[in-house]
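Please find one structure pasted underneath; my questions will follow.
Each chain gets a letter, A, B, C and D, in the order it is written, and its residues are counted from 1.
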Amino acid sequence: MGMIGGGVGAFIGAVHRLAANLDGQIELVCGAFSRDPATSKQTGKELFLDESRVYDSFKQMIETEAGLPESQRMDFVSIVTPNHVHAEPALLALEHGFPVIIDKPLCFNMEEAYAIRNKVNETGLPLALTHTYTGYPMIKEARQLVKSGKFGAIRKVMMEYPQGWLAEKIEDSDQKQASWRTDPSKSGKSGAYGDIGTHAANMGEYVSGLQITKVLSMVKKIVPGRLLDDDASAFMEFEGGVPGVLTVSQVSAGEENAIRVRVYGEKGGLEWTQRDPNTLLVKWNDAPDEIYRTGTGYVSEAAQANSRTPAGHPEGYLEAFANIYKNFAMHLRAIDAGITHNMDVYDYPGIEDGVHGMSLVEAVIESTEKGNIWVNVTD
Amino acid sequence: MGMIGGGVGAFIGAVHRLAANLDGQIELVCGAFSRDPATSKQTGKELFLDESRVYDSFKQMIETEAGLPESQRMDFVSIVTPNHVHAEPALLALEHGFPVIIDKPLCFNMEEAYAIRNKVNETGLPLALTHTYTGYPMIKEARQLVKSGKFGAIRKVMMEYPQGWLAEKIEDSDQKQASWRTDPSKSGKSGAYGDIGTHAANMGEYVSGLQITKVLSMVKKIVPGRLLDDDASAFMEFEGGVPGVLTVSQVSAGEENAIRVRVYGEKGGLEWTQRDPNTLLVKWNDAPDEIYRTGTGYVSEAAQANSRTPAGHPEGYLEAFANIYKNFAMHLRAIDAGITHNMDVYDYPGIEDGVHGMSLVEAVIESTEKGNIWVNVTD
Amino acid sequence: MGMIGGGVGAFIGAVHRLAANLDGQIELVCGAFSRDPATSKQTGKELFLDESRVYDSFKQMIETEAGLPESQRMDFVSIVTPNHVHAEPALLALEHGFPVIIDKPLCFNMEEAYAIRNKVNETGLPLALTHTYTGYPMIKEARQLVKSGKFGAIRKVMMEYPQGWLAEKIEDSDQKQASWRTDPSKSGKSGAYGDIGTHAANMGEYVSGLQITKVLSMVKKIVPGRLLDDDASAFMEFEGGVPGVLTVSQVSAGEENAIRVRVYGEKGGLEWTQRDPNTLLVKWNDAPDEIYRTGTGYVSEAAQANSRTPAGHPEGYLEAFANIYKNFAMHLRAIDAGITHNMDVYDYPGIEDGVHGMSLVEAVIESTEKGNIWVNVTD
Amino acid sequence: MGMIGGGVGAFIGAVHRLAANLDGQIELVCGAFSRDPATSKQTGKELFLDESRVYDSFKQMIETEAGLPESQRMDFVSIVTPNHVHAEPALLALEHGFPVIIDKPLCFNMEEAYAIRNKVNETGLPLALTHTYTGYPMIKEARQLVKSGKFGAIRKVMMEYPQGWLAEKIEDSDQKQASWRTDPSKSGKSGAYGDIGTHAANMGEYVSGLQITKVLSMVKKIVPGRLLDDDASAFMEFEGGVPGVLTVSQVSAGEENAIRVRVYGEKGGLEWTQRDPNTLLVKWNDAPDEIYRTGTGYVSEAAQANSRTPAGHPEGYLEAFANIYKNFAMHLRAIDAGITHNMDVYDYPGIEDGVHGMSLVEAVIESTEKGNIWVNVTD
């Protein structure tokens, strides 16, 4: 794998590397880690890379690697730059025949999203999007339970993701993460919704198996002077008219990454929160609630295939993240071997999730701008 | 105390009696427990009442008791009938000089609400409304902590109350609770919002110390054929423009009475849920979260005054309910004794909470009827 | 009911009264609340008692009441004095024909225990012991689940009760509770074990349905200068050789009344803790764990009969305590009515629990005194 | 790194590899994965190893690698075989100049333990023991908090580790893990205590900062026909006479790896359980309990240095395990670079933990064999 972005000091780049390392199935062989060649070089050195494969720019990397013999060149590209630097390297990589794994959201705006989708369709190359939270085994289990029909028709979806790290205006200091995430020229139209709302909405759709079709939002800039939203709530209608409520915030002081999803059907419901990621609560009206756990023998094939240890060995965020890398790498190998990849069990978020996620950002922002009205989501 | 409603088989009437009994400060001396004199008689017998003070109607009770010598007659009236039979006995009791304690919501519609308010103002008699959840010691503590300014200015309020008991259309069977609560001629304009949304909103206001000024709702009748809403969500704006989100449901299969409130300020936040009522979570961005507990020495006077045992002896719903009765009785005694009642410590919800709660019902229903638009709350 | 002990400022006496009040089935009609007649008088006044029935001594109370007409005299006696003043009033009450409810432990030493047992057997009068924790609905459920055989043969019992309130030597200040509980002349041979270990052991036996037959203890006086044990652990062998481990402490700084019981059988196990009293965790090796809850429709008759509200209305310590009073009163009524009392459903701890609990105190203390050896428990 | 053991199908070998991979600091370059050369070969292939460095035996591996040029040969050896095959490869590796990382317990018996210790002392080479649980950031924090003196002198240590996986006699089927762990010729003198009791005791010592000096145990073979203990409890005295209680079990049906430690001092206490590994509960008698969390800014340097992501990204078992590998590798690099390794912050369990752990096994077993008497622990 070759990495674009993720230079020394970056948060998400390091996470991508840990995730890629974990299973010993992926090797980082090259990178263009920063716009600053010196930083890129320094990063490559710390990662024990061959100097000759630490590049000054993603353009140089993609073009040079494309020219290497197939057995030597990188197998795919991982893009971990801020949102406004997603599309260009992704398009270039796809054009040069490299599959792409890309941090969410897919890109900066709809135009870019459509361009990437077109390129993916044109090249037929796989693209993965790191909606990490659907990588958790108990989220796989939740999806399978809903799909099994145990709960009957789905009636309500609740999605939330409160954080507190932007409770103060830390973008005014030199907090790297905060600066680009609150800057419309780098993040795009939305702050909190784009950064974490997309995760929560994706989770609601993934577990319920239903797409969001329209939204009515209340998006807020709560910290004075902030340029993008830092708090967002939305009513969301899913296919078939199922109501959903989403609330995300980056100013909920004291909250970590408390993403939580609850889905209710006619006969029962389920609840999952990242605070206790190896537990899935399954609730019934006339029977004891049940505690489903990662690594047990009774969970679905999808849940089992996406955990690494038996029950009682807590798995966390990096393992969930690694599942995307592992399943993506497995898909690439399956393609090489000419065999079918089982996407029900070894799934990962892809281009359609990415485009849809971008459409949701558009719709959520538009709804508030137009006075909190219903806006259809069109991918 | 004399009771109106609460005949054999009623749920909330029995709860009121348990709550009134607990502290040994209130004695049930008479009742008109049912429209059916035989049921009323039977109930009185089971409650060890003097037969002569078990009445055939609330009218008879109020008028007869008013005629007894002051030392013998009931001290106040407790009204535990369905919503459409709140106003008439309340007005009659007040007119005859009896203070009133009344199950929430205050009454059937705004007209009644205003009539009761006028009568209260005219007579100067105390009226208590059983918004039980604000009776919990840790909710008192939450209010005091917010009031202390520890969290800085309040920025967000989240209120939820999911239940699952109406996931099926049980009003079609002979479930007494379900039938009147889903019947517009008995409940009023709203089902779920009126029954439990009013509790959640009251809690949000009580803890934040801020009133809700406008709402944008999404109210749903999810179970086919149901006559009133069984699921309701709302964006709610509090004084000063503070955003809130409320979600309540009676079709969240598998949920008990999972009322939860979260309030966030500039520096920290708090969370309480009835599932773990003696715990108040206090959250900070740069320090360990704290677990405040009922019965400890470090909580506020208000929290201490509203619990009965030292930390480690779980108190529950009945104790919270009993706090309303206890504080109301204490207020009546203070009036008799001509001393001041400390409403900051020994508080209970009153007529203004009741009228405001009714206005919120109106606004929430109107918002959805008009197409999910913002509606101002006018008491 | 007439009460002995529980004067103004006492902790457990007030709890007994709250518990007795709750269900409106028991009326406090008289009392000898203190050795000090003035305190007794003052207490009676605060409790709205008829002055003529507030007595100067328990002797006076029992003898006077015994002389009243049957319809007027107290129905039973409640003894809430320190341990060394249990036996004398209990014996006197029984001799005068009064059933007795008595705070645990039963009494001061074995001699007294046997004397009380003999008197109970001789008179045939009911005696209840307030081992409160077995009054919790979910503990009733636990017992029924074990009894049902669902878990197979029981293999292990874990009992614990950590508290922190004696972490400092507060008996040196004027803390009334601490002084008598750490004073061998008032408490008896044991401090922590006698006070809370007896509860934990009783809970283990109640849930498992097995009696403890021998013990090997490690009893400690951890706070320097303390006269009785403040920390006690024991290996305990139950009938059939089932091993148990008990750990209790009054110096576990920061702990409330964290009594917890875990019982494991061949196929599964269960766990309950007072911190979350309305939840019973049921655990299985090859299936999701289950969460049994107070007030649900699926729990046993015993669990249902000992709760007052539907699921979702937290019940606590006072409700558990009240179950003992309620079931005891129901037993007395059944005797009066000449009908059978269903002790499987409406049970309460009685004389045999009391004597056995005292034997356990003896054995636990003896084991440590003799060098941590196994000691048989002989009732 | 070269690995000994861990062939296809082994549990702990795979875990060691995941842990070693995570940080991208260690590369598996060779292995002798099984006594069966074909299995070893197959494992090597699946791990993308160079065929020439997949060996038929650990002897062959150590000797061959020792002959390679320094820049090519493995840097250290990881031993993940059953207990009876720890000492021989460890001694051989040390003799050939290779540092060793070894799964716990250190070895099969005291004789071997002393031999390894001597060899470590003689060669001066680092040896790490994978007492995984002390690798958790919140356990590091716990140790630092105790060390800081915040809690005052330590008074009590509670250690437990219930599991349920051996509730049935699965060693009779072909469960590989169960067979060797219940076989005295492979596990050594103890089953449950040796396997998980050693972890619990190590945790108690690590957090309290105190060594266990004597034990009185109750060790049981609960499943009929089992050859080694599957349940063990012990009173344990720590330095300074501090009492501890340890309970571990492999027949607690329904339990996962519920290792928990509680330590109490004069002023407060702490509690940690693997079920919620990123939380450390800190308890006080007169102040709200506190929730310390992994990845926060307020925890100690040791806790921060042993986590990889900011608060809100759950870390789990593999991350804790990886900390041992990471810190060990950092130590080896420090030695190479001639700089000091900060063992307070980047610590890992070593030879003394291993020998002491073996002594504890001896003492625990001896205590029960001699009739549950106190036995001194002598390393």
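What we mean here is this: a contact is a pair of C-beta atoms (placed from the backbone, for glycine too) under 8 Å apart; a residue touches a chain by one contact, two chains touch by 3 or more.
These figures come from a predicted structure and were not determined experimentally.
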Most remote chain, CA-based centroid, reference being chain B: D
A-B compared against B-C, more contacting pairs: A-B
CA centroid of chain B to CA centroid of chain D, Å: 55
Centre-to-centre distance between chain B and chain A (centres being mean Cα positions), rounded to whole Å: 43
Distance from chain C to chain B - Cα centre to Cα centre, in angstrom: 35
Junction residues of chain D, two or more chains touched: 255, 282, 289, 293
Touch-based graph of the chains, sorted into line, ring, star, complete or other: complete
Contact footprint of chain C on chain D as seen in their complex: 151, 155-156, 158, 162, 164-165, 167-168, 216, 218, 220, 222, 231, 233, 235, 243, 245, 247, 249, 251-255, 262, 264-269, 282-285, 289, 372-374
Residue ranges of chain D touching chain B (in the complex, touch as defined): 282, 286-293, 296-298
Residues of chain D defined as touching chain A within the complex: 11, 14-15, 17-18, 21-24, 28, 47-48, 163, 255-258, 274-278, 293, 308-319
